[in-house]
Amino acid sequence: MTEPNLPIASIKGVTKSFGATIALQDVDFDCYPGEVHAVLGENGAGKSTLMKTISGVLAPTSGTVFAQGKPVTFKGPADAMAVGFVCMYQELSLVPDLTVRENLLLGAPGSGLGRLKGGALPKARELLDQIDGEHIRFGSKVSDLTLAECQQVEVVKALIRNPKLLILDESTSALNSSVVDKVFDLVRAQRDLGVAILFISHRFHEIEALADRISVFRNGQRVETFRNGDQDYSTIINMMVGQRIDELFPPKVIPKAGAEPVLELRDFAWPPKVKPTSFTIKEGQIIGLGGLDGQGQSTLLQGIFGLLKGTQGTILINGSDAPKSGPLAAKQSDVGLAYIPEDRKADGLIQAQSINENLELAALGRSDLNATDHNIYKPSLDRLELKHGGLDLPVSSLSGGNQQKVVLAKWLALAPKVLLLADPTRGIDVKTKTQIYALLRELAEQGTAILLLSTDYEELIHLCDETHIFYDGGIVRSLRGEDLSAQNIIGASLNIPDVADHKGIADA
Amino acid sequence: MTTLVKPSQLPAWVNIESLLPYIGTILLIVGASFTFPQVLSIDYLSQQLQIAAFLGILAAGATLVILLGHIDLSVPWTLNGAAIVATAMAGSGNEILIACAIPAALLFGAVVGAINGLGVTILRIPSMVWTLAMNSILLGISVLNTGGFNPKGESSATMSWLASGTVASIPVAFLVWMTISTALALLMMRTGYGRYLRSIGFNERAVYLSGVSTKTVVTGAFMIAGVCSAFAGVMLAGYANQAYQSMGDPFLLPTIAAVVIGGTSILGGRGGLFGSIGGALFITILNSILSVMQISDAWRSIVFGVIILAMLLFQTLRKRG
Amino acid sequence: MRDFVTAYRRELIAAAVLAALLVFYLITHPRGASTYVLTIWANQCAILGLVAIAQFFAVVVRGIDLSVGAIMALTNVVGSHLLSGTGIDLAFGVIVVVATGAACGLLNGLLVVYGRIQPIVVTLSSASIFVGLALILRPTPGGRVNYDIADAMTLDLFGIPTALVLIAIIIFAFWLPFRRTGLGLGIYAVGSSQQAAFQSGMPVATIRLAAFTLAGVFAGLAGLFYTFVTTTGDAGIAPNFTLNSIAAVVLGGVLLRGGTGTLIGALIGAFILKTIASLMFFSGIPSLAQPLFEGLILAVAIAVGAADVLRSKHRLEVFGR
């Protein structure tokens, strides 16, 4: 079998670039049998690119992947699976129009394009039951499952392929704590059988609970690798971020006395996904929305922007009712809403069009603005220091951070009263983050109400004046001041009544 | 075409994709002239410009729809229906009806386009299916209306002039084609509507999220395409001095082909009217030269398919390489 | 059971509609529910059914095949040359006919997968080539077919129309086992989410190639069966069958966005279309109104099928990805 001192998977000198963006730069990395090797890093640090390179989805621009010491070239995931590298992807690899059973059979080892072998199905059922998936029927269509259920199926799909190397890429983001614990039990059992585990998460407490070794990535490079427990939390965070946390964020501002509310939600609901929700954003405030993936917070943001039909309750902007008929009404000057979507590449920009064309797209429908007058974008572009090779080049030529600057400038030209942001710094370099944070604080001080959905605890803690944590469609806890801590956010996200009793939570 | 422009001054819409059909057209004419010197005569070329106008006007409208990433398969019977409306009114003997013949036919095209657009935007039916159904319905109405025979009526003097007249020995049809194409090109390049239309072809979601009524934009494009189809029908009826059953059927594939070999992506977003003009010229000349060479219909059909595929392969493989 | 009903809701509705139509047809038919009436009906349905299956394979991988009618015409013409013999000659003829279809489909697939041209444009152009070839092989309708095999295929077996037996063989001996293979699952996976299929280790290019080839095979089978029914070869049948194949798959619950629907649904859709056409023949609707009714029925069926969209409460959902 495998020699004990030979890594199951390793890469040497791997670089991967996408056009202007370098996602991985000269990375060496390895993973041994019987160990859980965790990869920590901010969004955009290159974690997912690393996983995709090892699992055959992406071919490295340069450098080599080794399987049990032998160099390999993967033409696709099928080749990687053939040497036992199996990945659970962040973007789920389930086919929405097929049933759970069919998805489990898809590409199952040994079947190819010929007759399907259902031998692994009983084991799959057993595994699914072990991770609280008894209610997931094999006959259900995947498109009818919730995100959490999809992730449970994805776990099982990976496990029944008898991996030698199991890669988990943010694969528990929507699962609640008891399911996560059970998934981790399965993963530990695999490790004890000699399987190598590669584990990505940006949730520190999960890594601490599971990992044997930890590698920290930043800006496409591996910063350091150490045994779990050898470094403390703040050192690790500093490694991830590359600078001290408090230097990243602008200081919070004590709100002016008598600040007027800008955005007010009164029992705003969209049954069954969003329960009646009320909160207020006053002048000068940045309000955060947190929680596990898919708990209703991103739907709420879309609802405020008018993307949902049949919402209930009231949205008041500066005291008057906001229309809920869609983006065209929302962006008019008398309403003044702007929405920075989560998927910047697909929803925020038109990749094939030029920077200029993208900038103009929102202002074009406003009769009070001249969209072709580029002076309306210039202040925000200068403020954010957009780096570009010419505004006539396609926006796809920009790095992720610069693309997000274009999205922001496009909307800030409309001088919105309320700025809704869905995870705006996901996959963005630290310098750009700092610029965006400073800009948001500045805007808040100028009276723009800022509502920030984030998956990054540090943002929720250090940037927001108050953070509402969502669970199952509604706010379970609103945190501010001293209460606004990582511990409390995690506890509320998992809807655990008393945080202190729960093991596995980082004592950060 | 008389003054050569330096490459640095070329506008963005002149690129290798949109120039390809022009180059092809010139190669065809030059190549054919060795055996058939008459193809270089002014008469022949001016006649080709006149004939290309019918296809060209259809292609101009289809370009907008294809830029959106949609397709309009109702071209044949929108054209046919408009021709029937126009000739019926023009042949009625009533002066008011005669005067209204062309506007009525164009209105007909706009209404068909609106129905196409509403099905596509409100019910989100794939345009390929919805416009196909619309084509069948229009065919059905026409069959029911005319009893399956060629409809009665004749073209008006204006219609004949549009199709066959000349101004300073330039075919009027060609001038009409150029006017329509230029107007649409300006619409595409100089207005917010044009920007929206192009952007929707790339990514409708992002355009909607930028606060644009994409339904209006898409429906508008289908309406413009309907009016173009109707205009071609009016002119074709003027050319033949009558409307006849299935007069639009031979135009469907050449229309799409003209747009696509002109460099407009069938997925939407990329391309424009300049290429479609070249595409219509190329297809018309190709057809004409094949018939001058007395090549059978069968071989014409094969050559036609092979050349279109070859031009598309050239485009896609060049991009990849 | 619950899963079955939800998963095959569209097919079940279509099947119920077909059953009602068939009963109504047999009641209104002046000669009643005889084997003769059923045989004629089944032959017509089976021809369109086979073309619809061809279209289904292209559509399910998020493609479209506008050349199915042309492949059918070509194979029909090939058949009219090769199916007049007996024994080995005849068997050879059948194999060549089906192989011709497969080759046409493979060509489409290669151009789509490796030429990276959109399916709609590829098949539009290749259709032109296939029809041209068919015209060369048989400029005017004609040819001779071995009457023994033609009769055997198009009459009845112990009172059951042979066409229905053949369809049953396709369902039970081909489709149901095929659905349980990696390829059978793969075509859905590729059509539904190419990325997920790729990440699950499926050979995406091979699967798309296979789907287009299967489309060619079934278009070839349609041409073969058409040869048996008509005992002649006719190069001019292409356009009608292409358009009806798309209508049939849509009626049978196959979504043009790919990844859903079944071969059986495509068959049901084809049977519905043909039954309606036959019904109208006896229904007393003036024959001139029949094309209009066919078009309206198609449009209404599509619109009803699309009405789900109106119930969507999320404005972004309708845009898809």
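Odds and ends about this structure:
As written, the chains take the letters A, B and C, and residue 1 is the first residue of each chain.
One rule holds in what follows: contacts are C-beta pairs under 8 Å (C-beta built on N, C-alpha and C of every residue); 3 or more make two chains touch, one makes a residue touch a chain.
Every value quoted in this text rests on a predicted model; they were computed, and no experiment measured them.
Counting C-beta pairs in contact, the chain pair with the highest total is B-C. Look at the CA centroids: the one farthest from the centroid of chain B belongs to A. If you average the Cα atoms of chain A and of chain C, the two centres end up 44 Å apart.
Work out the mean CA point of chain B and of chain C, and you get 30 Å between them. Here the CA centre of chain A is 47 Å from the CA centre of chain B. Shared interface positions of chain A, defined as residues touching 2 or more other chains, are 326, 346.
Counting partner chains per residue, chain B has residues 205, 208-209 touching two or more of them. Those residues of chain C in touch with two or more other chains are numbered 315-316, 321. The part of chain B that touches chain A in the complex is made up of residues 192, 195-196, 198-199, 202-203, 205-213, 269-270.
The touching residues of chain C, when paired with chain A in their complex, are 2-4, 6-7, 180-183, 185-186, 188-189, 191-193, 195-203, 206-207, 210, 259-260, 312-316, 321.
Interface residues of chain B facing chain C in the complex, by the touch rule stated above, are 71, 119, 122-126, 128-130, 132-141, 143-144, 147-148, 204-205, 208-209, 249, 253, 256-257, 260, 266-267, 296-306, 308-309, 312-313, 316-317, 320. The touching residues of chain A, counted against chain B in their complex, run 326-328, 330-331, 339, 341, 346-353, 357, 360-362, 364-365, 371, 410. Chain C contributes residues 64, 111, 115-118, 120-122, 124-129, 131-136, 139, 239, 243, 246-247, 250, 256-257, 286, 288-296, 298-299, 302-303, 306-307, 309-310, 315-316, 318-319, 321 to its touches with chain B in the complex.
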